[in-house]
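Naming follows writing order (A, B, C, D and E), and every chain is counted from residue 1.
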Amino acid sequence: MEIFVYRKGAKEIDESFSPENLPELLADKENLVWVDMEQPTDEDNRILADVFHFHPLTIEDAVETRNHPKVESYNGYLFFIVHGVTMETHSKNFITRELDGYLGENFVVTYHHESFRSINGVKNQVRTNTFVCGRGTDYLLHQILDQLVDLYIPVVDDFDKTISDIEDRIFQMEKGSNKILLEIMDLKRSAGRLIRISSKQLDVISRMSHGEFPLIREPILPFYRDVYDHLHRVSVLAENYRDLVGGLLNIHFNVVANRTNDVVKILTIFSAIVLPLSLIAGIYGMNFENMPELKTRYGYFLTLGLMVLVAIALLFYFWRKGWIFQGDEEED
Amino acid sequence: MEIFVYRKGAKEIDESFSPENLPELLADKENLVWVDMEQPTDEDNRILADVFHFHPLTIEDAVETRNHPKVESYNGYLFFIVHGVTMETHSKNFITRELDGYLGENFVVTYHHESFRSINGVKNQVRTNTFVCGRGTDYLLHQILDQLVDLYIPVVDDFDKTISDIEDRIFQMEKGSNKILLEIMDLKRSAGRLIRISSKQLDVISRMSHGEFPLIREPILPFYRDVYDHLHRVSVLAENYRDLVGGLLNIHFNVVANRTNDVVKILTIFSAIVLPLSLIAGIYGMNFENMPELKTRYGYFLTLGLMVLVAIALLFYFWRKGWIFQGDEEED
Amino acid sequence: MEIFVYRKGAKEIDESFSPENLPELLADKENLVWVDMEQPTDEDNRILADVFHFHPLTIEDAVETRNHPKVESYNGYLFFIVHGVTMETHSKNFITRELDGYLGENFVVTYHHESFRSINGVKNQVRTNTFVCGRGTDYLLHQILDQLVDLYIPVVDDFDKTISDIEDRIFQMEKGSNKILLEIMDLKRSAGRLIRISSKQLDVISRMSHGEFPLIREPILPFYRDVYDHLHRVSVLAENYRDLVGGLLNIHFNVVANRTNDVVKILTIFSAIVLPLSLIAGIYGMNFENMPELKTRYGYFLTLGLMVLVAIALLFYFWRKGWIFQGDEEED
Amino acid sequence: MEIFVYRKGAKEIDESFSPENLPELLADKENLVWVDMEQPTDEDNRILADVFHFHPLTIEDAVETRNHPKVESYNGYLFFIVHGVTMETHSKNFITRELDGYLGENFVVTYHHESFRSINGVKNQVRTNTFVCGRGTDYLLHQILDQLVDLYIPVVDDFDKTISDIEDRIFQMEKGSNKILLEIMDLKRSAGRLIRISSKQLDVISRMSHGEFPLIREPILPFYRDVYDHLHRVSVLAENYRDLVGGLLNIHFNVVANRTNDVVKILTIFSAIVLPLSLIAGIYGMNFENMPELKTRYGYFLTLGLMVLVAIALLFYFWRKGWIFQGDEEED
Amino acid sequence: MEIFVYRKGAKEIDESFSPENLPELLADKENLVWVDMEQPTDEDNRILADVFHFHPLTIEDAVETRNHPKVESYNGYLFFIVHGVTMETHSKNFITRELDGYLGENFVVTYHHESFRSINGVKNQVRTNTFVCGRGTDYLLHQILDQLVDLYIPVVDDFDKTISDIEDRIFQMEKGSNKILLEIMDLKRSAGRLIRISSKQLDVISRMSHGEFPLIREPILPFYRDVYDHLHRVSVLAENYRDLVGGLLNIHFNVVANRTNDVVKILTIFSAIVLPLSLIAGIYGMNFENMPELKTRYGYFLTLGLMVLVAIALLFYFWRKGWIFQGDEEED
């Protein structure tokens, strides 16, 4: 648990307080207190209940990690749950992390089981500069949400790369089509999840930015609206990507259909060329006594020549149809 | 019919009362009375009408078991229908069970044709501890709904397992594709049903948690909101699973298409290799008198050699195309 | 036209009045008058206009039979159109029948071109028992709507049977696939129609049950809500069936795809077994002078043996792939 | 430009006025003036601006013909755009025509570039009978809209015929499948267009019929509601047809799939019957010296008999599978 | 930065002012000031902050170029973002350009990084004619938006051409099907993007045209409604095109399916004709000693004749089935 205290008019943040000081710090409305609980202990949970007197259900929600984004107004404070996203380094999936928190008139509490880049960013900001704290708890919370939402953007950018990567591989590969299909489905699911997550988050931030909660004051609302706009952009991008993935599926099935087509073409070409020649050979393999051609001097060679002619004629026919020798590579 | 009576300030629940005592128990507002009717008899139904004076349509609804979740406000009490779910042990389907009930200022009536794990759970709770009853009928009802909704979670978890089970089998099986398809369709239907059931239930609990009914008092509302959040999570998971099942269908049809492709490939490989060799044999089976090769000493062996060469060349061609000898197992 | 008159406090319905009595009957507010017009004549239409003074547009609507359900409030009366459904005995389609009617303070008029089982049912009810009429015109109308909606249930139950019937036939049939497809499409359309019809009807009954019309009094509203619940159940069932039909389509196309697969398999098995054997025969049909095998004593028999061996090897290969001898029936 | 003037209480319409009289005619509130501008001239446009003083944007809208239906309230008049539909005689497409107009307290202006059957119908009506004009401008406008909407019905009826026509052709045709597909797509588009057009029009008429505009008086509203009902029916029918067209697509693709299936069946039957016989012939064409059968007297005939037997056995096999001789016509 | 100043009653626009004059120009409410910032410099941004005192978040939005359309009301001015579209000359894609701006009581600021044809158009207009400026800032802004929206129309018209172009190519091409598919997907995406962009823009303009902002005065609202109608038309057209593209996909897959069908037909025709002839040849190639036909004088020629007859019979059969010689071109 880290405690940041800013006293109105002070030049610096005071980080020297310990949890025991919290009651008196909170009692003085001239203080702005930010309590960040990372990997919170039972002791931390007790402080939420005994010092801050938060509603037990909100503490339960904070302790659990399977919650959806929400914001709830209680007597004297707001409770909120928002989600941050990060790409897992070793896979193509992104994971979401839950950030719970409370906003009061002179305090902000952030509560999270994992480290948040956005929160660390804001910590550095308030250490170097009192500007953020000087504008009040609602502005401080906006700062945290703003950085959290900005970290959504690399995730959607990553989609872009993955989609063109898969598109390339669809056209190159002859086998492994199921593997690509599974990846496409994964991607579709990821995009769907991102849309759902941001849609809930949009609800939360939209309510925060429309003046529903007096704890977020009128002149600070445009900043929340700004966060809303950024998140909205992310959500629109995610919808675009989901459409793109739907297109990938069509292309994939088209490639599969074309492949069957190609296989059948090869079969047809082979059969259509060889079978007539075999027939010719079969005819001159008959054992009739009276087959004048058999006795001619060049019958055999003429027959071979006939075969070559028939083969060329058929090859020409398939070439005219565009089945052979015509940019076969281009097609796949 | 079991009757639980808690008298304000008492240390224990009194379970000694019989139905005849109900009128006087209900008349005294200091009592909290919970009447649980499991597998109700005609006698029970008569009590609903004659002792509680509930609206006859609600009693009709309670007796039937084909109702959808709802909550209705009557003079002095609420009537509600909610659904619990359980997995059938012998199949992959879940079944829903109807719980009807009434909430009054100093009574809760629960009415159900089958045993409910959640109700038994709450019974044990009130027997060991008067805390729940001490907070009023609305809190007692919340407790029942909370446990009921928590039992939805194993059902959605089960989906997860079934889906990855089917996914594995799609890739392994060569036959039985219709059976898998039927299972996928079943799963889709189950997910759809779960979504529909929870959506109605969400309506009911949402109305209960928004202060629409004065019988559920202001400070108890957050607890209903909590039940709402839990159920909402279940419903979002069910939607996710429905999307996953949609993906399974795509994969299934892809596997079927690939299988046809494979069959045609085998046909093509066989034909394309054997037919040219047969042609060679056919040529030297012709009966022309003047066929110089036939008289050469090693003609036959050279011809056999030629056949082997042609076969190898074609095998090489198909290997280059990736149709043979290249991780055939990997593909399916 | 049949006229049922119930005088407040009477023990029996009086059916002895003729149209000429209507003006005086209606003038006396102690009377409840139910006028049922089945296969109405021009005379009946004139009574609507001249005795009841209904709005000409509503009379026009009643005379026509292509209307959608609706309810409209006029000065002193309600005009409503609802639809009943019945299964046609000779086909699998259901047909809808239009019931038009008026509800006034002391009269109900029902107007329909065809016979309604629900209306006949209510007639019997009011003849044997004055209870229904004693509760007022709004309760009488509720009774009619209730019976009308209950007759929707056999129609949806019929869907159930038709769907499993078609499912069986999909798997059995080798031909006639277009016929089944047409039936599936028909079913889908029927389910769609039923959903649309009940959705409009739900609107109508919802408005009736929410206190919008003072002619339907407060204590009678729960009965209309009950009709609403029943119809809602029908509509949810119809949606379920539509989903099931969507699944049938998938199964159908899967069966078609599998069938092509099976045909190609048979072709492949035949070709792959016979062609290599033909090649062997072709080789020993060549006319080279120096073919040592030809002169050996058992060459012919060894060759035949070789052919049998090759055939067995290939059969074994296809058996391993699961294409032959492995529960072929199970697959389809 | 035609001018119809009805003076309150008059027995006949007066068509003798010219544009110059308009200002005085309009000034007298006892007159009802209907100005119909068909293929309007610049002079007509000038009258709209200078005599009626309509807002220049509405005149711009009237002059253009690419507008969507709308209704707008201005000071003292309504401006509306509605669409009529007609079937083109030489194609299966319907076209829409734009009707612009103004409704004032004592005038109706209709403005259209093409002839409208509905407007001509109303003209005849007002010439033969002053009833319509006697009820006011709002009733006159209702009359025009009513006739306009009634002309939608032949268009949807036409869909019905086209759909069953295409359905028949799908099953009959062996070739031309792309042509049918294009027609199906056209039909789908037409149905979609009709739905969109009527949906906007429904908005317009719904607003007119809900008392939003005081120029349409209370007792006339039911007549607009009636127009709304008629148009709504058209729109529901169009939705039905769009669903039907979706079904056609499924049937079409099923027919295409079945056709491929049939082609492959023929190939399989031919190959599976001829190849084994060829093998037998090939075996007895081998040149082994010791082939006892060759020397027997009836070997050749027995072999031919064997071939016939094999052929019959295979034909029987395919007949059992239902591929041949079994109501082939019925299938397609 | 260009500054246009119109002084009430003046005959001409005054373009001679420099940024330093802005404070005094703005202070005098008799002036209308239009500041256009194309490819804005840091100096320009400073003017927004220091002279106009716009909210810093709006300036941030203006500087960035990844924003969605919006309109926000601040104290004394509106901030808006709208998008213009243009076709890229070298590709079939359209690109969007962001136009940010401010509307005040006596000023309009337009801010854009790229050149806008619509803005240049309005500049010429105000230079030649003071009519636009004379009607106030809201009318001036309407003029800009109107021209911006009119430039959407060439983009949708372009869709029309591209779609019929692709439709033609689908039917002509034998190969390259993936390339066409990619183009179809591109088009679908473009249509989707256009729908999304116009839908946001519609929101913005709808809010502007409904009297929400007092800066846009009552008599000017119809002009904004007119812009709304134009944009709405574009958006409906784009939806139509998206449907058309969906149809293209169906046609494409149908063409692919037909092509496979054609390939298989050719294979079937070749096999079905050649295989039986080969069988005949094979039979007379058998080496039985007693084969009476072999010794007949014309056996060979009769056999050849038989082959021709069989071939003709089979060709006739396939011609009857419509597979050959029947408008083959027409089909594809």
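Basically, contacts are C-beta pairs under 8 Å (C-beta built on N, C-alpha and C of every residue); 3 or more make two chains touch, one makes a residue touch a chain.
For clarity, every value in this text was computed on a predicted model and none was experimentally measured.
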**Fill in**
A correct list of chains touching both chain B and chain D reads C
**Asked** Superposing the C-alpha atoms of chain C on chain E takes a rotation of how many degrees, nearest 5?
**Response** 145
**Request:** For copies chain A and chain B, work out whether under half or over half of the interface numbers are shared, and give different or same accordingly.
**Result:** different
**Between chain C and chain B, distance of the C-alpha-averaged centres to the nearest whole Å** = 26
**Message:** Rounded to a whole Å, what is the gap between the Cα centroids of chain A and chain E?
**Reply:** 26
**Prompt:** What whole-Å value do you get for the distance between chain A and chain D if each is reduced to the mean of its CA atoms?
**Reply:** 42
**Fill in**
Where chain B touches two or more other chains at once, the residues are 257, 260, 264, 267, 271, 275, 278, 282, 285-287, 291
**Item:** chain D - residues contacting chain C, complex
**Value:** 171, 222-223, 225-226, 229, 232-233, 236, 240, 243-244, 247, 250-251, 254-255, 257-258, 260-261, 264-265, 267-268, 271-272, 275-276, 278-279, 282-283, 285-291, 321-323, 326-327, 330-332
**Prompt:** Given the complex with chain C, which residues does chain B contribute to the contact?
**Reply:** 55, 57, 60-61, 66-68, 70, 72, 174-178, 181-182, 185, 188-189, 192-193, 196, 249, 252-253, 256-257, 259-260, 263-264, 266-267, 270-271, 274-275, 277-278, 281-282, 284-287, 291, 293-300, 303-304, 307
